[in-house]
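The same chain A turns up in both complexes below, where it pairs with chain B and then with chain C.
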Partner chain A sequence: MSTLESPLAVAESENAKSAAGPSRSASVAELPVAKAVSPTRAALRQFGKSPSGVAGAILLVLLVAATIFGPFIYHVDPLEIVGMPFAPPDADALLGTDYLGRDVLSGLIHGGRATLTVGAVAALITIVIGVSVGALAGFFGGWMDSLLVKITEFFQVLPPLLFAMVLVTLFGAKLSTITLAIGVVSWPSAARLTRAEFMRLRDLDFIKASRAAGAGSWHLILRVALPNALPPIIVSATLAIGVAILFEGGLSFLGLGDPNTMSWGLMIGQNRNYVLDAWWAVTFPGAAIFLAVLAVSLVGDGINDAVNPRLRRR
Partner chain B sequence: MTLLVHLFGKLANAAALLLAVLVLNFCLIHTAPGDPVQVIAGEMGGASAEVIASLRAKYGLDHSLIEQLFTYLHNVLRGDFGYSYYFNQPVLGLIAQRLPATLYLALASVVMAVVIGTLLGVASARRPNGLFSHAVTVVSLAGYAAPVFWTGLLLLLLFGSVWPILPVNGMSDVVHPKQGIAHLLDVLKHLILPSATLAMVFVAQYSRLARVNMIDVLSADYVRTARAKGLPESVVIFKHALRNALIPIVTVVGLQFGNLFAGAVLVETVYSWPGMGRLVYDSILRRDYPTLMAVLFFSAVLVIAANIITDLVYRLIDPRIRAGAR
Partner chain C sequence: MLLSKRSFMAGALGGLAFAGLPFEAWAQSAGGGTLVIGSTQVPRHFNGAVQSGIATALPSTQIFASPLRYDDKWNPQPYLAKSWEIAPDGLSVTLKLVDDALFHDGKPVTSEDVAFSIMAIKENHPFKTMLAAVDKVETPDPKTAVIKLTHPHPALLLAMSPALMPIMPKHVYGDGQDLKTHPANLKPIGSGPYKLVEYKQGDYYTLEKFDKFFIPGRPKLDKIVVRLFSDPNALLVSTERGEIHSAPFITGVRDIDRLEKSQNLVVTDKGFEGIGALNWLAFNTKKKPLDDVRVRQAIAYAANRDFIVKKLMGGKATPSTGPIAPGSPLEEKNVEQYKFDLAKASKLLDEAGLKPNADGVRTTLTIDYIPGGDEQQRNVAEYMRSALKRIGINLEVRSAPDFPTWAQRVSNYDFDLTMDTVYNWADPVIGVDRTYLSSNIRKGIIWSNTQQYSNPKVDELLGKAAVETAPDKRKALYSEFQKIVVQDVPIYYINAVPYYNAFAKGLGNLPTSIWGIASPLDELQWVTPPKT
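Showing the complex of A and B:
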């Protein structure tokens, strides 16, 4: 049972079907089992074979490192006025200054912290809500499923970005509100995905066996079914980070950024009216968002290919 | 007949969903910080004491919450979505004025995205590991990752100052207004950049989808049969394969309508396109809550309408689906 409960066991069992089907029963009869690779490691190895996935991972690490260690190397306050407004990139301000005369490079470094944090936390909220709803609906079925599907359907009718705009306008443009709003509006796709996974798993033999062995519903959901549903959830979590970063940018662009916290979206939102005077103040933060979303999408695709053996040939 | 029954079910479901959106709006008005009357009047609406008193009476703010909810629903059912004190007119009229511009933009983008996306996807599916296919993959990834307001601003920079061959502002030339056909051409010219910007995001997604579906379909038995019969390759691709590969795209186009609308809000703000997106931006800026709430409601109407239309189109192009099959 223990191997089946480990993460990525689905990927493993799919591999097993094609390659090592008979050896499973044989392994009981003292055949060497040392060759068995843990599914997580197998997926990691597969991920390593995807050049775009690795490139995305490197890009992501670089961006995160720049926002973490940047302030120790580049000592400029992002909110402080350091020179003339709209000073073009030169030796004083490497990437120029914005409409108030604040340093763009420093804004990028500090803004990255806020933007990437919003992205990660909002994605976490998205996944927690989505997986809870989807798991309960898919596992229990019946009235619970009908109810939760209706709720999901309701949330899908509201355009997520627009709904987030209304929430942030009503409840105030603070970074915490923005993060929560993004998480609250974007969970339906994660819920649908998890529900489908759980409906598939519900009727598989190893779940039935656990149930017959006396496992309770919560144990079955959290310890038996969830680990097996993880691969697609991880992929969707990665993509959710990208969506959340884009949403933070979109909200700030519409004037719904937190004016007290520098973020990439806020930089674009505040400087966009002067784009014809100072292209750098808008172009660089936008490029940063672009690179961050690109990086998480590449990683997401890489993981998807690694855990979905069926799709590898594409 | 079954189709009618099916459609009726869909409409009943739509009505229930819209009612739920209204209840949500009501809950939001009452959970938002501050006095609900402030939310109803809009923060910077400059509502006078008399106006506030009349709003209190109109929305029954002295009664219980349940009574207030019914008053609210009653007002909405009569077509009264509140009054925008910033724009100084009823919200419903405001939205009716702005809706066409947004629909032009959205439809132009969808058509552009589906045609270009599908063609790119089909072309790259023919040699999935070829150079062109890789180029399409890269372009679609870039299109997905680039924030739409940023590409919009870059294009505005390009066509506004570097290479000014296209109008980048508004829906028509206000300095030299035109009549008749000339006016129509002028609007189309103004439409090019906003719709291309918005389409870019979706070209990315559709080309990816079309590519994957075409690869699947091209390895299907009926395509092999068609080739074995000696049909020309163009007939095999466009008549036998494409039709089947298009079905998932139609579904996604319908599902994406909400995102399309939200994208339009951003793009309209970049190019000052006078649609609902621009309206959203102004209402956010002025804290004009009634307008914002009504836009949320009407965007839900649009999404539901798009879903029903997709469902019907789906039935049209995929004869395997019959009412009640799902």
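Showing the complex of A and C:
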């Protein structure tokens, strides 16, 4: 949430400069609640009112905590063969072992680190590429817009999973390549969203005022327009994490996972042939992916509600 | 009552199968009926003279006859040749052909066809060593062929097997077109028990009984349909349901288990001795630190063959300890076994100068595997990572997206360790020598000596054994070869690939010869035809 604070605060101050700003933050300023507290606070308070959003946040915190602190409590190497293959859950291996005799619980803990990291980093890549392209296209318009839109469309018409498979095949099944590939194939929607926001914003009076006050293009994009375009971008970034986690699972399922790093997707992909012999080796990582994607989706919805001024009036 | 019901069933089946033929055609045949085989192996064409591999061998051995065939104890049996005689100097082999053999187009099989086929196979077949010793084939009369050799070549007898030496009609294949792309490879004409009547590419092909087959009363079946499956699971389900009467080449432990549980199937691993498929871990013997034999031996001691075969492969695979497949009369069992011994492995690494660093890591290596075969390849590669960690070797598993990628890496020596599956093809000269001869270190060619293993003593032994005609002396030479190779560990031998074949219970005379289903199925018959 701390990332939210500074840009919105900046937006607030910029809005104060501008004479009249019928943008989202401006309408926030008109609300009685928002006058007393900062918009971030207001958004947080609003988020707290959404039960599903709070549930998602709690779930996400629990999952992240388990993958961060789990290895310090449960000392089993996820890649080490610790017992007989297909041992059912019992005292030795709480969640059983997989087709090689590796511990499923340890796989869940370590695999969660990898999977959640892939999700977060891939979403970050998605947003960085998408916002850069979208902001430039939407703000400058003209030839720059048509060129960047063409590029975006080029990426958009490629089936994302197939494109990611090609990238992973070309550059090797490593976790870094997989993360990069997911980011590279998922940015077009973020770009389109950002472009639409910037096109809407660029002709508004407060931007014009800033420009008249002598602000350069970069200053306008980064300090004035971007903070006002952020709320929908943050929502889409949250959802992108969930999509990236599913993507990693899909690639691993197709046999393109990194065999040297345990991840939830890899566990499912490698054990799926043995689902009748060892349901536990597939079911638990499957449930973990389900919970993680559910958590980020709920959080995403919660943020959406919190930053959407139309909902806030209710 | 039972009898009449049975013959009615056979008649009904035959009638279904031969909708276009007159009543008498199927009524005469004893047994009859249709056999449906299911396979995931899609043949490129049907001519085993220019194509190795089981996908082609299965139909090719039904369509083409060969000079000899084999029983289940490695003994040659007469087939197109009613007798064969090896000259005392070992430099010529005389074949007497059966009198009444005809090709599917009605023309007789003559020594001219045999001569043409042998020379064409020598020219075109991927196994170059198989007939390299053949100088020419003389044809003193239409039913006698004399194979002249430049040096004694005991492997020739096995090279005359159905899977390796299909006799082609010269008047069809000898028209000057390139044999590898000859149109008749897809519309084959041979003298075997069945003729090809239909091929729907990638879907199915149909073989029909050849009425004028030269062995009286055979084949027993009227028709063989081979259905091709792209999804192994669909094949399994169809087999369980009884839609498929024979599923050859099943290798998955869980698949075998599943079929064994079925009441209507007989599951056997007989019939794959000739192919002799070995699953092993190969080393790049020219790359540091694997160029040191002690490092390779240490890795062999750190791997637990027992665990791999019994646990990872569910006890369905046969352990193998040397370069010649279990079941071959030439296999030497008395070789170094590399019994699981971590202390010995660590000691060997210390001696080789690979000391552990602060983190206990001695060195980092990579392991490749053939994509697609999880149980035989990927799982063992992942097991090795865990096994070698215990002796301080960091093993990184490199996956390949497809077979060509893997083959490219291995044949260009861009690997440290790799899993591999290589076939013996019955005689060492055909399928074993290629992996060890220093003269066969050929960059870019997969299944050559990609280990870059070179030992003058091994070259010498293999050279001598290839021309030794006295069976016991030959066996002694191969024994010594096997002991040396196992000691040098260019390869750590793990197991024979568990090929299994499932047959419907109502079938009789199952193909249990060393070539199994890659040999003529002229005796296979329905004892109890399936209910439809």
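Note that in this section the second predicted complex is superposed on the first by the 275 of 314 C-alpha atoms of A that agree within 3 Å, B and C clash if a C-alpha of one lies under 4 Å from a C-alpha of the other, contacts with A are read in each partner's own complex, and residues count from 1 in each chain.
Following the convention adopted for this analysis, a contact is a pair of C-beta atoms (placed from the backbone, for glycine too) under 8 Å apart; a residue touches a chain by one contact, two chains touch by 3 or more.
All of these numbers come straight from a predicted model, not from anything done at the bench.
When the shared chain is aligned, chain B comes close enough to touch A:I289, but chain C does not.
Contacts of A:L201 after superposition on the shared chain: neither chain B nor chain C is touched.
In the superposition on chain A, contact of A:T169 is made with both chain B and chain C. In the superposition on chain A, A:N273 contacts chain C only, with no contact to chain B.
By the touch criterion defined above, A:M84 reaches chain C but does not reach chain B.
Of the two partner chains, chain C is the only one touched by A:N260; chain B is not.
In the superposed model, more residues of chain A are touched by B than by the other of chain B and chain C. Once the two complexes are overlaid on the shared chain, A:G101 sits against chain C while remaining clear of chain B.
The contact surfaces that chain B and chain C form on chain A in the two complexes overlap at residues 169, 172, 255-256, 276. Those residues of chain B lying in contact with chain A across their complex are 17, 20-21, 28, 32-33, 39, 128, 141-142, 144-150, 153-154, 156-157, 160-161, 212, 215, 258-259, 261-263, 265-266, 269-270, 280-281, 284-285, 287, 289, 292-293, 295-296, 299-300, 303-304. Every residue of chain A that touches chain C in the complex is listed here, in rising order: 79-81, 84-85, 99-102, 168-169, 172-173, 255-256, 259-260, 273-274, 276-277. Interface residues of chain C facing chain A in the complex, by the touch rule stated above, are 252, 254, 311-312, 371, 374, 378-379, 382-383, 385-387, 389, 396-399, 401. On the side of chain A, the complex with chain B involves touching residues 153-154, 156-163, 165-167, 169-172, 242, 246, 249-250, 253-256, 268, 272, 275-276, 279, 282-283, 286-287, 289-291, 293-294, 297-298, 314.
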